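Notes follow once the structure below has been shown.
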Amino acid sequence: MTEHPNDYIKPELMACCGAREINDKDRVIVGTGFPTMAANIAKHTHAPNAMMMQESGSYDAIPRRPALSVGDPCLNPGAAMIGGLVEIMGMFLQRGWVDVGFLSGSQVDKFGNINTTVIGNYDNPKSRLPGSGGANPIGSLVKRVLIIALHDTRRLAEKVDFITTPGYIDGPGARKKWGLEEDNGPWALITNKAVLRFDNETKEAYLATYHPGTSVDEVVKSTPWDLKVSDDVHETEPPRADEIRVLREVLDPNRMIKIYEGRGYV
Amino acid sequence: MNKVMSMKEAIETHVNDGAFLYIGGYIARPPFSAIHEIVRQKKRDLTVVRSNAADGFDMLIGAGCVKCFIATFLSLGFYGLARCYRRSIESGIPHKIELEEYSNLSLPMMLMAGALGMPFLPTKDMVGTDLLNVKSFMGDNKYKMIESPFDGSPTLLVPALRPEVGIIHVQQADENGNAQMWGIGGDCQWGANASDKVIISCERIVSRDVIGLDPSRTIVPDFKVVAVVEEPFGAHPGYTPGFYDVDFVFGSHYQQASNTVEGFEAFLDEWVFGTADRIEYIQRYIEKYGYGQFKNLEAGFGFSPPVSYEY
Amino acid sequence: MNKVMSMKEAIETHVNDGAFLYIGGYIARPPFSAIHEIVRQKKRDLTVVRSNAADGFDMLIGAGCVKCFIATFLSLGFYGLARCYRRSIESGIPHKIELEEYSNLSLPMMLMAGALGMPFLPTKDMVGTDLLNVKSFMGDNKYKMIESPFDGSPTLLVPALRPEVGIIHVQQADENGNAQMWGIGGDCQWGANASDKVIISCERIVSRDVIGLDPSRTIVPDFKVVAVVEEPFGAHPGYTPGFYDVDFVFGSHYQQASNTVEGFEAFLDEWVFGTADRIEYIQRYIEKYGYGQFKNLEAGFGFSPPVSYEY
Amino acid sequence: MTEHPNDYIKPELMACCGAREINDKDRVIVGTGFPTMAANIAKHTHAPNAMMMQESGSYDAIPRRPALSVGDPCLNPGAAMIGGLVEIMGMFLQRGWVDVGFLSGSQVDKFGNINTTVIGNYDNPKSRLPGSGGANPIGSLVKRVLIIALHDTRRLAEKVDFITTPGYIDGPGARKKWGLEEDNGPWALITNKAVLRFDNETKEAYLATYHPGTSVDEVVKSTPWDLKVSDDVHETEPPRADEIRVLREVLDPNRMIKIYEGRGYV
């Protein structure tokens, strides 16, 4: 029997959900926080040959402390290869070598499009956000995009104010029309309430699993579009003992992951 | 030709109001000493470019130095929001900068194209998104969509960038400007070489002989360089691999100060206008934060295996 | 994942008849051991590419392995004329290879485009010359002339190349294939990374830890690599910086032998078909030329300053 | 009084002619033999700040023996920068940083076009030559091209069999039409009989100076087109003592330059 400790917090569950989407030997482009933890949980459990890279130029780094940015000093010593943006974003990503990318956004819509540019009008914004950075090319070019988002009717949207990063754009056929690989794109949308996946035909996000403590109804009500529900919808598997052990003992002994609770991931 | 000079002289001589600047760094090796000197000398109407900008660019914007920004991203990341940037865009304080936005694939490639003498090049990102729907000072030359003449597929072309001056901070350079760097690169090599002339800020000046012991580490050749400034600790509060760590305490201090206009101005008064140069800046740092914290930033011991180029 | 194997196994497993190969080197680091093994295994109908090819390519052509050659140049330089190449083109011996010709700017750029996932890129050379008037197996896709959509100027576009297998010789690699190189680069880094998979031939296999002590030297990441072959002296009669000098005597010997078909075949019989692997080749070399000459090729002492990546 | 030793050989004179075309601070892309010797004579005499590079990737090398190829081992230790073809041919040359390039060819025509590809018909050649290599981009992109050639009616041609490297192509306006810098191009054609320069209007090579021992008549007769002669045509200045001293004592103590005599440079 797989053990499932009871004392996990929601960000830990979300990190585990991310980890389970990573296959052995996947090449994963990570940022900091959730993505790094998720990828590392995978590497320490079922995907020992998963390889990570940061857009700043570091490949297969061996950080001795949690990286606090994608250019963190701890990503230098011990890495297998260090170049710059052209190597990682061009030679690895644009050339088609990157399997998985993690993205988060202030707004995410039903087609998995992400907004990290602006809330409100572009020229007279309510709130100016950081911009694309690496998000757009990662969303455009990795095989499977894992999206992390808060689940409420403000963060999820029928339509984002600004498409910074393409998901399935305006639906079936759109990626192909723009010259993007049709089979690539958003793979799972991991929120603090559920895991949504994307329908092969309609390209819309649908409910796959709901986290312990919520329900199909609550998730549907928290979603601003007419959320379809999978026929075999079920509860998300809670963090397993081995996942939790890696997270708390190896990756994040100071439990920095708790800061995500403060950001609403509860 | 000895190009060694002070940062004051380098910025006075080579950065004019209205100039188009590439300013390197990627948390690793931001040329912060040069940024402070640009603020100190109250340069105006600059066009600035870099992939993934952070606190240094926020400061230039807040100080009113920037007119146009060719950008992909500006955030203070772990520290919090880039307040000067947001005040400029949201409220026009001190003025609204003009913004031309790309991504962390397309912009490094545009610098690479500039460095390699190409007029433009194709990239595969940005298509299908609003990044193509907003254009600013680059107008219709922000990009072109064409049908590939090879196979007819829709292809995005982005233009080469050729800044007038590139400013980077590296580990070491010789007096002529041959500049050597190792560790995380960001878009430094391409940005510097895209530029017509380069200001090299470095942790240490070494002899031409030392450069010649490992020429594969050189990222900028001397003939592009107009100034070499020996500026130890010059990337602080960013880091330089092999020399010192990121200063999280000071980084947070800047973020908190910059939450208000008053706090930002007080920060500049204390750390930029209130210091004449990097020596005074470090002196103040040690007085305020203590030599212990300063010393703690110093990098641990590391040692790469020597290699030979002999025959 | 340990990818260490013999050159025999690497070529057997990963180079098929009809394959499209990038083969690196630029007098520096030609993967001669791999070239000999390709000849030994009588691979046929290969398409091969490299900027500035020399004796290794001449040998592959003379041995009948090559069908198509994407080329800029083939000469034995100081040694003399490339006789196998000329016999193929002038007289169809052993058969006439097909030749698609570019230049030492455009071809490295085409490999760079392939490595960076670009479909094509603009170059400023070749225009106005007969290099644009001759087309072979690439047909109309050898290049396209367009009017730049940015400024209307005439612009040459050349297509990206994506070889199936890249073969390079470097100083060191780990068992997974992270490959490190220093000194004159030619088009090795771009050619290898343009390729779908890479065979690494190296002077020495080092641990992953040693790679991590100087990660800026890595030019190919492990995930592209399908075979790692430890092959000391593997670039002979070319050189490897830090390991051994060019062997002018042996280089001349090859050139003289290849002046005639008979001489060329005798050379292959002696040095390629007559030896099972690199160990036997070196054994024969020492027997024929003497250990003194072998030892003389060994590089002198050199020592780069160690650097630190610590924080 | 400048001293002119009498014991020079023709290749030495030609190397000196090349050296005199190099200005201080010029960036010069060199091959082996003549070009390297010419550039180094300049560096050791009137152009101490001239900088040299080789297309293979080496910049400001400090060879301890004469390089026998552009990728020679001696170009590694001590260089200021080593990259590869993309750095030298792209970042330096295509970006417009290279002032002077030396080229030679089996055929050179009156517009300075060079053939290093084929004698006879391309598809059924009389003689297959090495091809462009770096010649085409150097001829296309440096500011001043110095051409080295044997002076006879076979090597010089009204029209080359194959334009490998552009000079002024088919005359005035042609470079501009093709998108090349109009002001760049062939600067001097240095032969074993004379120095030819290129007319600003017609773009044709004309006789500027004839070497000691020849005459205007002999040069004109050895040239297969109607060679124009400069109004102030005069004898080429023989090698100066300081040039000869550098060449023999510093650069080429074994006088490897003599091999050019065997190749017809007499």
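Going in written order, the chains are labelled A, B, C and D, and every chain counts its residues from 1.
By definition in this document, a contact is a pair of C-beta atoms (placed from the backbone, for glycine too) under 8 Å apart; a residue touches a chain by one contact, two chains touch by 3 or more.
No experiment lies behind these values; they were computed from the predicted model shown.
> Between chain B and chain D, which partner chains are common?
Of all the chains present, those in contact with both chain B and chain D are C.
> For the pairs A-B and A-C, output the one whose chains share more C-beta pairs in contact.
When A-C is set beside A-B, the one with more contacts is A-B.
> Which chain has its C-alpha centroid at the greatest distance from the C-alpha centroid of chain D?
A
> Just how far, in Å, is the C-alpha centre of chain B from the one of chain A?
Roughly 29 Å, centre to centre.
> From the C-alpha centre of chain A to that of chain D, how far is it in Å?
Computed value for the inter-centroid distance: 59 Å.
> Using mean CA coordinates as chain centres, what's the gap between chain A and chain C in Å?
The separation of the two C-alpha centroids amounts to 41 Å.
> What is the distance in Å between the mean C-alpha positions of chain B and chain C?
37
> Which residue numbers or ranges of chain B touch two or more of the other chains?
Only 109, 116-118, 123-124, 153, 155, 182-183, 185, 213, 216, 239, 241, 245-246, 302, 309-311 qualify.
> Give the residues of chain D that touch two or more other chains, as numbers and ranges in rising order.
Residues 58, 73, 76-77, 82-83, 86, 90, 93-94, 141.
> If every chain is a node and every touching pair an edge, decide which shape results: line, ring, star, complete or other.
Graph shape here is other: it fits none of the named patterns.
> Which pairs of chains touch one another in this structure?
Those chain pairs which touch are A-B, A-C, B-C, B-D, C-D.
> Would you mind writing out the residues of chain B in touch with chain C in their complex?
Going by the criterion above, the answer is residues 109, 116-124, 141, 144, 146, 148-151, 153, 155, 157, 159, 171, 182-183, 185, 210, 213-214, 216-217, 239, 241-242, 244-246, 299-311.
> Residue numbers of chain C touching chain A in their complex, please.
1, 115-118, 174, 176, 178, 193, 208-209, 211-213, 215-216, 218, 221-224, 309-311
> Along chain A, where are the residues that touch chain C in the complex?
Checking each residue of chain A against chain C gives 27, 49, 51, 58-60, 62, 73-74, 76-83, 86, 90-97, 141.
> Where on chain B does chain A make contact in their complex?
It is residues 26-28, 51-52, 71-75, 77-78, 82, 85-86, 89-90, 101-106, 108-109, 112, 123-131, 134, 153-156, 182-190, 239, 241, 245-246, 248, 302 of chain B that touch chain A.
> Under the touch definition given earlier, write down the residues of chain D that touch chain C in their complex.
Residues 32, 55-58, 68-73, 75-77, 82-87, 89-90, 93-94, 113, 117, 122, 125-128, 130-137, 140-141, 162-166, 169, 174-175, 177-180 of chain D touch chain C in their complex.
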